[in-house]
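Heads up, the next two complexes both have subunit A, just with different partners, subunit B and then subunit C.
Let's look at the complex of A and B:
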């Protein structure tokens, strides 16, 4: 088991290194340079553009060959120095440190919302199979899967903020993160991000529950005269959880990398998604590489955690 | 069932996988799923709209500020202008006009023509990018399964790296570096989207490889090429078709999301581009954000319904 974890960790580091390298090369080989932003201001003031550009590039070592830049970046990274953000004029680590909580909060709340409602609705739909409720749940889940999250976000803003005026049309960063006001303005973003996930969970929970409802141990449990609540809650649900864990963990990875970014942009939440998009547009390579790297490690960690969780949920599973 | 077996045996003699009776059999199974047929109907409608619509509709990029923000037919907007002489508000009502049945956006562009142009772009991007991705995925998956050993290992580790890559961030990054054009968008989505297909087709091909008919073919002296193209690929064909149908909506959504954040091809009008305009005029012209989203939603829903129906139709174990 320990060997397995060590092997997986080494493997994760290799994958992350590969992704880091690809991102770095893409950014540094591209035709734009991180100093372009400064140059625009300087050109407007009528100063000599070329000499200033060269001075800045020399200062940050951007004029060296790309291999040398790459190795010095890697050396810095291994020493814990994540580089300097040109667009925000602060160390990358500081920039990420002040923004990650917004993304984390959004993803956490949306995931909790989706799991509780999705698994709950899926269970009910399975228990009430072929009733009106079941059909309604399956239509709802088809709609939820097919609706683009960012458009749903726009529609929620249109209805609840623009026309009904229940919420503000912009995200106010003046509230403390965990204050009630802040949580209230997160209701729409959490719904926009969570409904797609929720719809998927309804579907998977329902089918996983139905698979197990037909098993013989359920008949046995009922024959023993156990109350239906115990049969569903203990015997069926616990056996249906394993495939669900895979789906939920896998989804979490795609939420981190796709949905959350777009939701942040639609609602103007200043999380890592916004930070990385702004960094891409400013060609702030250190920030982009750092955000990509953090996200990659997160996904790799989630994958490892999923596999380890299996051994706990299903003791029959063993890794060599 | 017997009909299928005969067809499969007939297939070995015929190098091309189009077998009339088999297609007929699948079509009969598909027909029983009404939602799937409805999905197919909408896809056909969309395809016709995309192919012929732009020839009939007005220029989607024609700007006319005199008719900006016209509501769709059947709706009307109110405009209050303060009259300084009489010190009163003069309210005029702007009803929708039949020559712009779906209204106009903030630059006076006709919504109907823009939506028609968008359907062409979306289908084009969806089909081409999925085509590239599935071609690569099938090729690499079958190759990996057939070669085995270190080549298989290497290919699958590479697939792991690609799968962990933050897909949407990569898309934004590459489009930013190489400039926003439809060609780049299609190529990037195609080159990054093959991983899931490669894995699935590899595992399917691996299980096929050990089957008796492949062993028999080898014993008869068939070349590797012949086994791959005449036996492996035809047997995963149904899998490929289902994957194609179910991965097109993801591609369409990715393109829409990209255009929505302002990184679409500026030379063409896609649903995402319209949504981008609509986002900024939610309070004055709601229809600009609503209409393309509905098209997007219906398209994704149709592909999901159709793909689900196809999967059941191809699956001999599923009861339809």
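Let's look at the complex of A and C:
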């Protein structure tokens, strides 16, 4: 078991290194330079654009060959130096440190929302198979899966913030992060991010429950005189949860890398998605690479955690 | 036999409403079970014996299954209509079930100990809850070595025979008065089968427990049964003490079954069989359901369903051959 974990951690580092390298190269081979966004400022001050640009590039080592830049970036990274953000004029680590909590909170709340409601509705739909409730849940989840999160976000803002005025149309960063006011203004973003996942979980939970509801051990559980909530909530759910864990953990990766970015941008939440979105347009490669790297480690960690969770959930699974 | 009747099944009909039609899996089963008696339900695959067992505790899938007629009287209480909480308090406590395939009948993600103790904790009052000790004692009674360790095992860590014995231990955990054993020896090898039969015989004698033993194996009936009910097409066609069933069967179907028992001393080129197939439970033949395969079929058999007729006081069979009115007229 310990060997397995060590092996997986080594693999994770190799994968992360590969992704880091590809991201770095893709960002640096383009014809644009991080200095480009200052060109107008430089020109406005009446300075010579070309010479100032070259001076800045020389100052940050941007004129060196890309391989040299890559190796010096790697050397810095290994020493814990994540680089300098040109656009924010601060160390990358500091920038990330002041923004990660917004993303973390959004992803955490949306995931909890999706899991609790999705698994709950899915269980009910399975138990009430072929009833009106089941059909309604099916239609809801079909619609939920089909709607893109960013469009849903815009529609939620339009209806609840613009027409009904229940929420503000912008994200207010003045509230403390775990205050009630802040949680209230996260309701729409959490729904926009979570409903797609929720809809999927309803479907998956329903079918995983149905797969297990007809198993013989369920009849055994009933024959033992157990109340139905124990039969369903313990014997069936505990078996149905195995395929669900795979899907939920897998989805978490796409929430981290896809859904949360778009939701932050649509709602103006200053999380890492917003930071990396701005950094891409500013050619602020150190920030983009750093955010990508953090996401990569997160997904790799989630995968490892999933595999370890299996051994706990299913005693038949053991890793050598 | 002066023993008290503990369970009475009266004209029980359990039908399954499927897209292809109504599957009449149990179509008028009647029998009684005495205290301390082992009644065997015998029949071919698909004759309805398992569904009969499931119907006693209403354990079949519903929908599509439904008890359309009949009663299951346990100590005078009709289990087919009683309220669910009451039925639940009887399931696993007064009447316990042991299933055919312990591999799939045990939950793979819980330990054997968890699964046995869960049943004890459901039915026993709080002050009586030394469930771990009780579970250990049960496994020891089932002759499982190192019982305390075995409780911590998951089903997949046990051999087939151990699983089946653990399943029986679970059935016995609340000292039931009736144990329904649905082919408990089909999935195990011969030595384990002998062990299980021995355990059941011992339990019956020691605990004065009643057993409904479901099987298609007549040699097991000889070993364990007091009486046997032969089931054909969802009906009991003959019910009698085991020695009558085996030595002087009355119903042509029972006669057919007995004659199919291979005799080890005979030099046979081909095993005997009953011609024809078991009827499709969606489309059961009119009259006597056995008439298309019956060697002594009469005209009346095709149209009129035979009643259960008393043949010798303890032997009852549903066949027109024993109806004086019918045979007299012929």
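One rule holds for everything that comes next: the second predicted complex is superposed on the first by the 320 of 320 C-alpha atoms of A that agree within 3 Å, B and C clash if a C-alpha of one lies under 4 Å from a C-alpha of the other, contacts with A are read in each partner's own complex, and residues count from 1 in each chain.
In this text, a contact is a pair of C-beta atoms (placed from the backbone, for glycine too) under 8 Å apart; a residue touches a chain by one contact, two chains touch by 3 or more.
If you're wondering where the values come from, they're calculated on a predicted model, not measured in any experiment.
*Asks:* Putting subunit B and subunit C onto subunit A via the overlay, clash or fit?
*Replies:* Partners fit side by side after overlay.
*Asks:* Does the superposition put A:217 against subunit B (first), subunit C (second), both, or neither?
*Replies:* Only subunit C; A:217 stays clear of subunit B.
*Asks:* Using C-alpha centres in the superposed arrangement, which angle lies between subunit B and subunit C as seen from subunit A, in steps of 10 degrees?
*Replies:* Spelled out: centre of subunit A as vertex, angle of 80 degrees.
*Asks:* For A:174, select first, second, both or neither according to whether it touches subunit B, subunit C, the two together, or no partner.
*Replies:* It touches nothing on subunit B or subunit C.
*Asks:* Once the shared chain is lined up, is A:67 touching subunit B (first), subunit C (second), both, or neither of them?
*Replies:* neither
*Asks:* Looking at A:79 after the superposition, I want to know if it touches subunit B, subunit C, both of them or none. Which is it: first, second, both, neither?
*Replies:* A:79 contacts neither subunit B nor subunit C.
*Asks:* Which partner, once the models are overlaid, touches more of subunit A's residues, subunit C or subunit B?
*Replies:* After superposing on chain A, more of subunit A is contacted by B.
*Asks:* After superposition on the shared chain, which partner residues are touched by A:238: those of subunit B (first), subunit C (second), both, or neither?
*Replies:* A:238 contacts subunit C only, not subunit B.
*Asks:* Quick check on the superposed model: minimum Cα to Cα separation from subunit B to subunit C, whole Å please.
*Replies:* 12
*Asks:* Report the residues of subunit B in contact with subunit A in the complex, numbered from low to high.
*Replies:* Its residues touching subunit A are 160-161, 164-170, 172-174, 176-178, 249, 253, 256-257, 260-261, 275, 278-279, 282-283, 286, 289-290, 293, 296-297, 300-301, 304-305.
*Asks:* Touching residues of subunit A toward subunit C in the complex: what are they?
*Replies:* Per the stated touch rule, the residues are 214-217, 219-227, 230, 235, 238-239, 313-316.
*Asks:* Using the touch definition up top, name the residues of subunit C that touch subunit A in the complex.
*Replies:* For subunit C paired with subunit A, touching residues are 54, 57, 59, 61, 88-93, 96-97, 99, 101, 104-111, 118-119, 122-123, 154, 156, 170.
*Asks:* Quick one: which bits of subunit A touch subunit B in the complex? Just the residue numbers, please.
*Replies:* 15, 18-19, 22-23, 26-27, 30-32, 142-143, 145-148, 150-151, 154-155, 157-158, 162, 169, 257-258, 261-262, 265-266, 276-277, 280-281, 288, 291-292, 295-296, 299-300
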